[in-house]
Every structure is written in C-alpha cells, then in structure tokens.
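Shared between the two complexes below is subunit A, which pairs with subunit B and subunit C, respectively.
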Partner chain A sequence: MNMTTPIEKREFKIVGKSVRRDDVLEKVTGEAEYTGDVKLSGMLHGKIKRAAIAHARIKSIDVSKALAYPGVKAVLTHENVPRVLHYGSPHPRSASCTKDQFILDDRVRFWGEGVAAVAAISEEIADEALDLIEVEYEPLPAVFEPEDAAQPGAPLIHEVGPGGNLVLDPVRINRGDVEAGFAQADFVLEGTFSGGRPHPAYMEPNVCIADWDGSNKLTFWTSTQTSFMVRGILAEVLGLPLTKVRVLVDHMGGGFGAKQDLFQHEFLCALLAKETRRPVKMEFTRHETFVAGRSRHPCKIWLKQGFKNDGTLVARDMKLVYDSGAYGSHGPGVTIVGTTAATSLYRCENVRLEGRCVYTNTPINGAFRGYGVVQSYYALDIQMDEAAERLGMDPAELKLKNVVRAGDIAPSGHPILGHGLEICLQHGIDVLDWKKLRNRDRTPDPRHPHMRTGWGIGCEMHGSSAYPGIKEQGNATVKVNEDGTVTLLTGAAGLGTGAHTALAQIVGEELGVRFEDVGTIHGDTDVVPWDIGAFASHTTYLVGTAAKMAAGKVRAAVLDRAAMKLQVSAAEIDLSEGKVFVIGDPGRCMTVAEAMGPSRGIPAANIVANGTYEPTKSYSFAAHFAEVHVDTETGIVEVKRVIPVHDVGRVIHPIAAQGQIEGGIQQGIGHTLTEDYIIDKKTGRSLNAGLVDYKMPLSMDMPDIETIILEAAPDPGGPWGAKGVGEDPIIAIGPAIANAIHDAIGVRFHHYPITPEDILKALREKGA
Partner chain B sequence: MRRFEYHRADTLEQASRLLTDLGDDTFLFNGGTDLLVEIRERLRRVRHVVDIKQIPGLSDITYDETRGLTFGALVTVGRLENLALVRQRYPNLRAAFASLGSIQVRNRATVVGNVCRASPSADTIPPLIADGAFIHIYSRTNMRVVPLAEFFTGPGKTVLAKGEIVTGITVPPAGDNAGKAYLKHGRRKAMELSTVGVAVSLTMEDGLCNDIRIALGAVGATVLRAPEAEAMLRGTALDAVTVKNAADKAMEECTPISNVRASADYRRDMVGVLTGRAIKQALEAFA
Partner chain C sequence: MKRIVELIINGEPRDMTVDSCRSLLDALRDDVGLTGTKKGCDVGDCGACTVIVDGEPVNACLMLAVEAEGRTVETIEGLQPGVDVLHPLQDAFMRYGASQCGFCTPGILMMAKKLLDDNPRPTDEDIRFGLSGNICRCTGYTKIFDAIKAAAIEMEAARS
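Up next is the complex of A and B:
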C-alpha cells in the first residue's frame, strides 16, 4: 500500500497505525460469542411458515394440527398477532418511508413471505410442524417487473403510499437548463442500463433470541446494525416503554447494510417468547437470508447526455426506476441517494433527474453497500467511456477533464471542502503509466490465441453519513478508571469491520493513553449512549468525532486532577502515552493511574464525559483501474489486476481500510460478473436462493489488488480529517470491469452481471 | 434439519439387510457431504441412514500394471487427489478430484459416493467413464462388476437394486501411450458445480489415434459418451481440422437443458470448445 500525506503533518502515536484489532484473538480462537451462540435455559426454537405463492389473500389458515404436534408450544398467525402498521426501515428521523408492513397480514405479497410462526422444543420439531399448517389462498394477479407494476390498472400491492405501486412520489431534481444544454451539444449519447439483484450473503445468517423476564421486560439479542432502531420499533409495535426493551448485539458476521431493517422474524420471535413465557430463538437458514433478507434494488436507467467536441459535458437527462420488491424498506432512501448522486461525479451544469421506486411481488430489496449509487454510477461511468470513444479520446483524459472539483456542490446539496477524485485519477494514471498501457501491443498471446486483454477505469464518490436524508448524530461516552485505563461506551455496531478498534485508537490518541489501555463497551442499549446504527460509511467519521470530543473532555479533567496533585496549573502540563508531565521539565511527572487514583485524603476520581456530534457529510473518492482477460471462446471474464486509488481523508487503521477496499472489490466483481438473485418472472419463485447457485467470487477468483490510499482530501468533520471507506470500493469496480471488457473485445455492456453467455452472444452479433 | 434414524453397519451384509428392511427412505451414509445437505435443504426425504464407514476392507487403494487402479468405497476424494500415482498417471482424475467442492468437502467426500449420487454434473464421472472404469457391486447373493458407462440410468438413478452396495471402482491401467484430460467449466474456480465437464482419454500409436473416449458431463440426463465424434477421431493424427469437426459432432450428440447455471445453447457451445481443448491437453502428454 502506498500512502502519501499532503494533509496536516502530525506525529501520531496510535492513529494511522495498524494496531492489533481488539477482537482478533477471540475471533481466531472461536471464542467470540455471536448471537447464534447464546443459549438460554428452556429456550425454544422458532420457525416461519413461508408462502409458496407470490400474491394472494389468505382465505383460511388452520394451525390445529401444528398446535397438537408433540413439542410445539405456540403458533402465531395474522389472527393472533397485534395488527400494527409499521416501517420496514425504521430510521426515526427519515421522513421518506411509508408504513406498509404488518407483523403478519391476511395477504401475501411475495413468494417466501411469512404467514405463520411456530415455537417448539427443538428446531426440527418446529420445522416439521410448519408442514402441518394448512393455508388456503385466494390467488391475486401478481406483477414481477417494475414496468408492469407501473402500468395503469396493474394490480395494486399496497393500499398505502402514493398509489400506482409507487413506493414514494417520484424524486425530481433539476439544475440549470437541460434543453439549453442539449442545444449547445455537438453530440448526444443515449442509452439504457440495468442492474441485477445482487444479495449481500453475509456469513452470519439473521438470528435473534427473545426473553421476557418477570417484570415484563424484553431482552432481545439480534444480529443487527441498528440496535437502537430495533429497540425503538419493537417498543412501539409491542406498546412498551423503552425501559422495557433491551437489545443486545456483540459480534456480527457481516451485514453490508442489509441488517438495518426491522425484520418480520424479529417481531415474531418476541411474540412467541411472550406467548410461551420462554426464551425463543429464531435463526434463518441460508435460503431464508435470500427470500426473507434484503438484496440490492434491481434498476433500469435511461441516460441521455450532451457533449461538446472538446469533451465538455453540457446536459444530463436521466430516469431511474428501482425495484423495491414487495415492501418499501429502504426503497425511498435508495431512490433519493441514487438519484441525487447523479447530479455529480462528472460535472454538468444542466441536469434533469427523475428517480422512481416501484413495488413488485418479489422479495424485499433493502439497504446494501453502495445504496443506490452502484446503479447510477455504473451508467454514468460507462457512458463517459462511450463519449471518449466517440471523441477518439483516452477515457482517462475525458474523465480527468470532467470529474468533480473543489467548489462543486455535492449530491447532498452542500459544498464540500475536500475533493479527491482528480488526484486519485491522476495518481493511477501516473503509477500505471496509463498512456503506455493504452498503446500496448494488442496482438494475442500465441499460447492463448482466444484471450483478449483489456483495461478500464471506474470512478466514484460516496458520502459518509446519510445527511441530508437523515440528520445524523454520533454519541460516545468515555470514562477514565482509577488505574489509568479508559472505557469507551459506544452504540456503534461491530459488523466485523474493525470499527471498535478504530474508535479506541481515536480515544487513545486524543486522550494521550496507550491503545492497549482503552477498552470498548458496545452492543447493549441499556448501557451505551444512543446510536443511529452502523451504516452509510459513517462510523469512523461520525462516532469517531464524538469519541474524540468525549476523549478531549476527559483529558482536560485528567489534566486538572494531575495539576492539583503536581501543584502546577493545568496549562503547564501535558499528557502522552499514559503519562502526565510538566512541559519543559518531564522529570516532574505522574502516570494517569497516579493522577486518577486515591491518595492520602483524596478519594479516587470519577471522570466521565460525553461527546455528541451532529455532522453534515463528507465525501470519499476513488478511481479503480482494472485489467480483465476475456476468453472469446467461452466468454469467461477474469479480472486479473485491480489498482484501486482511494482518497478517504486521514487513515485511522491502514490495514482495516485496505481490507474494506479489497472486500468491496470482491463483492463488486461478483455483482458485475456472476452474482444475481433470480426471481422467476412467471411465478415470483426464487430460482437460486442459496449458495449452490448464487455464486460469489472466492479467493481463487480474486485478482491481484494493489491498493493505494491517498490522504488527499481530508474533511474537517471527521477525526483528524478521516472520512468513510466502507461503501466506496463496491461502486467503482463495476464500471471499471465493464469498460475493461470493452477495451478487450470492443463490445459495450450496459447491464450487470455480464455473463459468459452475454459475452459470446455479443461477440457473435459483432462478428455477424 | 429434519430428524432421521442413524444406523451403523459393521458388515456389508448387515448394511445391505438394513437397506432392504428399513424401507424406501433409507440411504447409505458415507462421506455425507451431499446427503446431509440434501436433508437440510429438504431435497431428499430421509428416514434412516446406514453408516458404512466402519465396514472393514473398503478403504484400500491398489495399483498394478495389468489390473489398474482400484479404490474402495470409503476412499476420500482428497486421498486420491493427493496420491502421487493419480497425479502422474491419471491427470484427468486428478483434475476432476481437485475441482470437487472445497478442500474440507474433499477430505470427507468419497469418489464412490459422488459416483453413486449419479448427478449428470458430477465431476468424477466423466474421466472415469472416459478411462473405461468398472464398478464393483455387492449384494447378499452375489457380486457383480458393471462398466461405469452402464451404471447410470438417469439423473440420480443407477442400476443398483435394493440392498446392493458399491464396494469400489477399478480404473484400467494408464499406459505410456495414453493421454488424458478433464476440463471443468463453471461460474467460478472453486466450490462450484460444473456447467459443462468434458473428459477425453486417448491412446496414440505411431502418431495416430488408436482409441479415444469422450465423456460429457452436465449436458444430458446422465454423463454421455460422444460415439460419433470418437469414431471421427480414431485412426487420425488428431489434426486441427479433424478435431474441430469432431468437436462440432460432439455438440450434436449432447442433450443439454437450460437452467440458472446456463442455457442449453451455451452448454452445447461449451461442449464444442472444451472437447477441442481437452483433446489438445490430452495430447500434451506426448509433447
């Protein structure tokens, strides 16, 4: 990894160093406790009966045989659960969602939706009892494609919302004068683009455990990115005060955005436990993570742009349609973020955008790393490559000419201070000697006469925090213990990204203690400060700043206390690596433990401080350079080499940041070449809901990745200029691959995944 | 996972009797890598499993120059994959074994189990058929030996009668004039089911193809031979034009279906490409 540091030169003790992650030992030894590892005495197992029909009204549901089955303790249907309309995506301060879900309804809106739930003394018995539940359906006409769902007269999937199967009113953005822009254009490019339905396929399937105590308090373990939202909506729907719902989550096996909904099984688990007065566990099978989990919104995009002959972009007209599946979930957020993102990336003064999100009778699509932007930037970046081709220009040159720069208004509508895209792009061009690569000898290797090689570039930018869609807030509490150690309390979830390590680094750095002396408490809503959840690439940026603020406050208090003990004024002393010393006279010193601890006549100190941070947003940037090999006989595309050049502001933990980038590239390669969760367009049935036929790239499919992180454009809103990195890498890799395929075989693809069959078909059409 | 009864057999006779007595939903439990997944995913209704892993005499591997390679029903894919003999003499089997599942799966799964599952896309079957392997079958009244090419009757179906148990497989010896290859085509490089698999085993004499067998996986109800393509190649020098024509013929001889892995047309195309490439690779033994 190559690092350059044009930002504030500063000697850091902990930040910027790849310290050993605080969770690594317990994870590699298998001792880390995940939600599924929790075992409670008398615990029952819950299972959900899922509909084998895409759209229907439940005429009758007979659970008598299931209830009579030995070992079954309770069965729930729409007839005996509270009928409360609620949000799928429970972001409390987002006005963009429609309440469209019941815990159980007398209506089925997609194949795989839960219609009943069973609790039994074993998972096997619960599973067997599902077959004994008899449901009689009245089939309703179903729609599986947004085009069909949006037709006048199409069967309506919901009675709520704006109507016409729209999840929200169309998102319209107008800047400048698009018609005048097109009038100036020397040429216009127009194309349609589409994206499949990739699924996050996190390692840890969704799982929760509910336990009610004698005071009617619910303790709820669940694998979630948003424990406080789970608490809030469970309390709301179950009619409880927040003091009666405690949500716990320790380690997680990933989420990638998709674990920030409130899921049907979570309500059902709580209700089954209430009904039986016993703890109940519910754990998805891998199949259920597909049908009842969340995937990326399939998207259809129409994009028309006008260019001048010098490469200037003068008009952009774009329509996006996202497929929400059967419920709204994150459809509104994805539509808003994905549509507004298209105001930027490549500068254009005249922009007209329209984003729609449509219900269909298919499994629910939700939040997923890259949140709507994967789709829109795929189209923007590929069409930019097409414009370069039309102009006879190097795409790198055209992109460099048009990328956003300082002073531009970000998609969020606010000016941002650091613009790193130009630097990322230029850096990659220089490192790779791009011009030489473009002009390389393209004669096929005689040992592999059917192989063609290609290079492509993809650009992206992505915000840390969901502002302005959600006005966010980061919180942290820092306590100094009497032995000089420090405890950070945070509500930020640990998806497996190493976020807690980064937060502890920030606290240690700001406070002036060793990293090893900072402990982190997280994942208990009764204990830690309120948190909005881990999403939108914001944990290090948002919670990191709050932690830095809290650490700064306790540092001042520790200095005051030490000053008293050293009998100097606080201005005369400093604190570093757990030691307080007199400036200019470092021999006069004491440890933080000595400052904190009791001494004759003085009890130990109790120093606690909170930090609360309400940010706007920062943007991170990346340019990905990818090399592909295309086998023109089999159509197989292999990604051989990727040089991702990222600007993420100040890097807190280089290896963790690099890991995020490599992981995002792996997922992005899958989305672009092999991954697509396929729904049968005649029945709505899932055709590959499982890892046998949903294929993610594995280690052997991975290219060489030479990650370059530039600390080029720090954002003052993050700790020492740090910005997010989680989502960025998945956005740029897709267009980089599609553009590289074009470079290799001269064929443009406007969709993903690009399969071997697509390649062969296109080559034949080209040859014909 | 659905509940099932577990039985352990200590002898073939006992296992065979259990298979006969316990009824239709009874299955042999060997490596379990497929069976357990099928139970879990509710793909197969199983009431009883009969564990044969403790039966003595089914774990041997032997080789001699006249009889060839014989391995028992309990021999894991991983053991064979890492055998020097297999690497040196049977590069086709080595390629197939090394492409099955993951390392962890191969350390439990058995070749006989993969064969008896009778999946048209099983990786181990095409090279064994191309090599002319035989399968040894036990029953309580007699033993029989069946050419592997005649073992399969449909997807998941074999000639095994109730109570019959496969004890091992024999692969004829690999002579110095033999060339062998297995090419697997999938959506990724590991932990993958074949979209198409093509095996070629051939012998050369004085620069001419003495014999050749082509076996095609995942393009029919069972693994298929391509007899007409083979006939076009026998007695020729396997020059590029002849190979191309034979590969085209193999495309006509296969009967693929469309599913989420690939369309029938694409599978047919890959039979053509991979047949040509497999012959080329098999000939590399003589280079």
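Up next is the complex of A and C:
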C-alpha cells in the first residue's frame, strides 16, 4: 500500500503541463550560445601536452623550442605553476573528498595526463608547439587493475590517502547479524559481478575561456554543472577572494554528471590568460573528452545472499571494489553511495557491506548519472532473478515480495516517505499481462530459427539530492517587476534537462502569474544565489522547493499591497494569472502591475524574496520491463521494447520528464551491451577514445520505449511532491536487459557490457 | 596559404579568406561567425556539424572551406523561412521535446530537412536510417522521431 504524507491538493494551471521550454527556441534556431561559441577580441588558444606514458617521474622538461615558435605566447609546466594540492571533486560540503591533485606535477599518473600547456595565437600553432616540448621521463611501474593495485608491495600512485592505493578507508556497513541470517537460510547464492567503464560522451566537448581584467578579476566561461564549485576551487588554488572570480555558463551541451569536476585544463586556461594578459580559450578534442574527461567507475562485486524457500531474503554479504583511475575525483562519493545503496532495494535485515575504491594508472573516473548505484543494483537485481529461478518462481513475484516498502529505512538512514516501487512493479505486471508473457509460446519463429526472445525486469531506487552525504541546500531569489512580470534567479545549471523551465513553472504556479511572465536568470556566479550544482536529481526537488518558498513570500507581499489598495484584508483576496481579485467579487480586482505601482499615497514597491531549503531525503523508483531478441548465430542482442514505469512524485513537465527517462535508457542500453572505454592493460593507453570505436546506441538501435510515469508516491520534501527523475532510468534498464537475455537463451551474465562474443562463447559452453 | 572563397551561405553571397587547410566548419564558425553549427568531434563521427551543400548533407568538419568555392551552403541559421517564421521541423522539435541539451539539434534539424525534402512521407525506418549519422546522447531519439513525423504530416497538409 502507498502510505504518504498528505500533499497539498490543488488544481494546477502550469505545473504538470508541457509548456514550451524557455531554452528551446534558441536551440532550434542555432542562436543558443554555448561556451565554445564565445569569442573575445585578442583571444588566444590553449592546448595541453599529454603524457604518452602511464606512470613516470618527469626528469626534465624543455620548453625552449616551443617558446621560440612564432605565435606562441606562453608555456606552462610544473616548474612555473602554483603547487597547491587541491580537490578534483569539488564538493565543499562533503567530508568525502580527496585532495590529491596538483595543477601540474613532476609526476605522471595516467596515459594522457597533462604535463604542459601552451597558449598561442591559433589552435594550429598551439598544437604544433606541443610537439616542440621535450619531456624526459623516468618510467615507474604501473598498475591497471584494482586487484593488482591493492596487492601489498604494489607501486604507490599517491602519497596521500590511507595508503595501499586506497582512495578512502573502506566503507563498512553492518545491520543485523549476517551470520545468523545465513544460518536461517534454506539456500545461499554467491556470485561475482563486474562492470565496465562506460563514458558519458556528452555532445559538447569540455571547453573554457579565461579573461582577466585590469582589477585582477577573472571572468571564466566554462561548460560545467557546478559553477559555484568551479569558482570556489579556482579562487582557493589561485589565492583569490570569491569577488575576484566570476564563472559564467549559459547553454551546456550535456554533462550527465561528468562535468562536475574541476579539470586540469580549467586551471591551466586561467593561468595562461593571467600570464599573457589576453583571453585564452581551451577546447577539448573528442579524444581528450575520453582521455582527460571522466567515465564511470569499473567495479567488481562479490555478492552472497541467503534465502528462505518462501523467497524471504535473510542475509546479504557484499564486497565492492571501484576503480578510481589515477585520481580520487568522485571515487569516495561513488563508493559511499553505491555501497550504502545496497542496504536497500530488496529488503533484508541482515546486511554486511564493504566498499573499496582503489587508484590505478588509468584515466580518471568521476560522476556519471546513476552514481555508484548502476554497479551495485546490477548485481542485486540479477541475483534476485537467479533466486527466483532457483525457487521456480516468477521473478516478478519474488521482486514484488521483496522490494522495499513505505516505512523502510532508506540507504540514507531516513524512513522513506513517498514510496512507489511496489506500485511501479505491479503496474508494469498488469499493463503487460506479465504472467501471459512468461507463459508465452517460446517456439522460435520458423522464419528466424536462430532468434530467441526474452523478457526481463530490473528495479531501482535513487535519492533526490545528495543529502545527507553532502549538506545540500536549494536557493532561489524571486522578484516582481513593476509591470507585473517576475524574475527568478537561480544558481542551478542548465545542462539540457529543462530544469530552468520547471523552476519557472513552479514560481508561476505558486505566485499566481502566467508562465510566460516568469523570466529566469542563471549562469552567472556574480548574480545568482549560490547553488551546489546540477547533479543527483537536485534541481527540481531542492531548488524547486526553494523557488516555491520564495514565490510564496513574494505572493504574500503582493497580496498585502493589493489588500491595502483594495481596502480589504489580505485573506479576502486571491491572486491568479497575474490578477488580484476579491474572493466572491472578482469585479473588484487589479493587476500585479497595479499592485506594484505607486498609487493612493503608497509608494512603488520593491518586492524581492529569497527561498532557502534544506532537504530531508526522498527517493524515486522505477521498474523497467525489457524485451530482447538474441540472435544465437551472431550473438547480437537487440533490445526491441522497453516499458519503463517510474514513480517521480509530482510531474512538473511531462515531456521533459519522459525525455530524461528515454535518454537514460539509451545510455543504459549502451552500458549493458556495447559501451566500454577500453584501456590497454599493458600500457594504460586508451584503445577506443572516439565516437566510432566507442559504440553507443544510435537511431537505428533504439527500441520502442513506452514510458509510463506514475505520480504514485509524492514526497513532501519536493514542490507539490515532486522528486528526481534524471538518475533513475540508467540504473533499472541494465539488469532488465541482462535478465531478459537469460530468459531468451538460459545463460546468466554477471558483467556489462554483454557483447556478441560473450553470448556466442556462453552458448558454445552451454552446448546449445 | 590563404585563399579567398566565394560562395552562397543561406542565400547570401559571401567571401571568406581562409587557410587552404581550414575546414568548412571552422570557417563557418570562426570566420563567418555562424556558430549555430556545432563541433562535436571534428572527425566526421557525430553529425553535429551537418550542413547542406548544393542540396547534399555534409559533415562540415570533413570538408575543406576551399572546396565550398562557388557552392551553396545552408546552415541552421538559414532554416527559418522568414523572420519570426519557423520551419515546421523547428516548431515540432520544440513541441515534442526533441531538443534537450541542444548541441546535436542544428545538425539533426539540417539532416531532417534534407530527409523530408527528398522523402515527404518517410516511414519510421526511413527516419531512423536518415538520422543514423547523427549522435544524440540526451533524448534516446524517441522525441526526435516523433517531431520529424509530426512535421512531415504538417508539411504534407500545408502542401495539399
């Protein structure tokens, strides 16, 4: 049953409607300005010299030829940049960050790490100058796999941290008594699982522009999800007060989590601009977005669970090892979130979890949609399917029996208030007539005798906001203009989700003005209220509530003024669609503009209000149902149909919410079947750092997606019960596909991506 | 070596002074100032820089600017039939939520325009095949397919 705290019921005028997003007209006409479109006069181009070795000490670096090359304006190496140990993952309110990076070091820790930077009058000249920089390396022994890096005596990649190449001390969670749980079990399942290194592959390569003015103030355009964190760390490392760093970002070409680090090129761009006293632009090549960008943490998982014959889960013992790559970045956060997530999803009273995160000499892994949980829930959900097989039960039935329910404690340690997983699962079972599907005729189609079809289910849950791991808050400022229009100021980034539109809808709805009359200002740290950044399904949930609070205060102020002018009490009037009117006597009314203006001896108003919201924790839920076709001759798996059933609480903008789900499924299909950023295990070199060799599902590969969004379990923490939606879809689709493959060919896979080679090899071993 | 290239861009005669090794993409973005065409990979993999040259879709990053001499180039900035009038594809992309981050949108719109110009009544397969050189990483393509189908129907209705 759905038990939720009552959410305010009302007739919505703007919320729940797919209004035209405030950013799309510019996007379809080509006028939208992205960071790379900004051009400043006298602008130089910066490029980074990257190491062609995975682990080494720099013995010498000679830049004299590069400096003498016509058109080169500056060259930076570890010898002439500030040496400040800094965070890579800039979460200033989190205890889980690792300070392990220098802007440039005399040490190389992965193939492709920057060792020098050049600014020149053109990109071509900067590129040519890179070849003139001579670096002499003293090679160091390198490790490319976490198990090798964790061996005693393995070469140490960092001097900081707990040692043994650990990024943080192991995360250990114990609930109940695992040994007693296993003692009660009728059977035990044990398995190892592993996940590859999917890359976010946002369409806009990382890019930034730095410009210093005469007062020594840095203006910094950059494609980031976390402009205030960029400001904070840049200021700290460059020794500047926050008033001297202004970070600007308007439109962003995607991020999916990975654009929330502060990158090496961002410091170097700022320093090159300072050195040359000219604006400098640095734009990644596509190759660099792989090598110097961020990918998902590869993960190895050992999972042992005890079950009763009635399907009750009595013990869970799990060890997870995440590969951080050469720096900590989001390793600590991913390890904590991914490990604690495994306390939940399927109920179990006796849980013992241990999560580790290990440095290797490979490119840096960072934040990516589904943060740590993609890995851990892949294992949990597949093993639940295996338990159903062992019990001779329908996996839908077993999952339904065990999914978390209202009142259960969430991974965050909070009781979950809005709880919709059971409803999502049941809804999918009903609309698909799942029992009939399970019992379908499995005789292969004589026209395609090699083809087998399968159906699978994957479940997931994900928190909205990173609270309590990070002490987050949502902030918004709302002001009313003298013509009755309204301006919302928000620090939330617009990485393409439509979040600003959702915020404007919330403000319009709460205040009582038309959506078209709400303008949004964002993307300028000098102007907008502080925001931690667009990640962890934070914006609509947290900033949305803050915006609603600010709009509510403004509304009260407008009503007070109108009441004075109409000579009634504020309780007697209402505000809707930009008009204040006396309840029951709508002829006595005035516009918001009239309420604002000077009249009847009352001076003009200046109405501005802030909203600050510190969250509780809410969770969104999804059950994905997937149909696959497996060609037993070629090993190719085609995903034919996906029915994602999501509980996201109150839907603010239906089309934008669907878009998040469908895009997440695209990425999740890639993770599960084709995408893996491959690092050579002998050299540490990238083998497929490009959009042809890194294989993503494209237009020909996408299945039919029949998205179902249920406002099943609104959470009182979000605006009218809204919860997050961006993180969830990428998590549930993976196990749904893996389970469907098993349904099709009777083979279990515990890893991703599941390639045609894997399918053929497994079928051969099975003797099919 | 610099060369002067004369061509028609979005209906207007232009000349560009470019290095002979400069791509049409860089020339459009940096020399002409038409930044609507995007650089997603610069090696012909992603389709974000799709423009139409003499009626054919081209990855502008793979064409030298000097090769455009005497030719007609259409970019996203020229897709609108008139001031304040949108192409039906642009309107449908907004209504159907076919643009999220928007970085692939100009290239996809130009490819979709070419698709509908050649094939006013495309099947679902035609649309999928037509977009197979354009990477979108945000939408899962579903809303893009919907928008192109809707625009095709509207354009057909407007013609009859």
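Observations on the structure shown:
In this section, the second predicted complex is superposed on the first by the 752 of 768 C-alpha atoms of A that agree within 3 Å, B and C clash if a C-alpha of one lies under 4 Å from a C-alpha of the other, contacts with A are read in each partner's own complex, and residues count from 1 in each chain.
In this text, a residue touches a chain if its C-beta (ideal position, glycine included) is under 8 Å from a C-beta of that chain, and two chains touch if they have at least 3 such contacts.
Note that this is a predicted model, so its numbers are computed, not measured.
After overlaying the two complexes on the shared chain, residue contacts for A:Arg21 are found with subunit C alone; subunit B is out of touch. When the two complexes are overlaid on their common chain A, residue A:Lys471 makes contact with neither subunit B nor subunit C. Contact with neither subunit B nor subunit C is seen for A:Arg588 once the two complexes are overlaid on the shared chain. Of the two partner chains, neither subunit B nor subunit C is touched by A:His78.
When the two complexes are overlaid on their common chain A, residue A:Leu687 makes contact with subunit B while staying clear of subunit C. In the superposition on chain A, A:Met700 makes contact with both subunit B and subunit C. With both structures placed on the common chain, the touch criterion links A:Glu128 to subunit B but leaves subunit C unconnected.
In the superposition on chain A, A:Gly30 contacts subunit C only, with no contact to subunit B. Counting residues of subunit A touched by each partner, subunit B versus subunit C, the larger count belongs to C. By the touch criterion stated above, A:His86 is placed in contact with neither subunit B nor subunit C.
On subunit A, the surface touched by subunit B in one complex and the surface touched by subunit C in the other have residues 285, 690, 692, 696, 698-700 in common. For subunit A in complex with subunit C, the touching residues are 18, 20-21, 23-34, 36-37, 39, 200-205, 251-254, 256, 285-286, 495-498, 655-656, 658-659, 662-667, 690-692, 696, 698-700, 702, 705. Put simply, subunit C touches subunit A in their complex at residues 29-30, 33-43, 45-46, 48, 75-77, 79-80, 86, 89-90, 93-97, 99-106, 109, 127-129, 131-132, 134-145.
Residues of subunit B touching subunit A in their complex: 1-3, 40-41, 185, 187-193, 260-263, 266, 269-270, 273.
Across the interface of their complex, subunit B is touched by residues 123-124, 127-128, 285, 287, 633-635, 674, 678, 687-688, 690, 692-693, 695-701, 756-757, 760 of subunit A.
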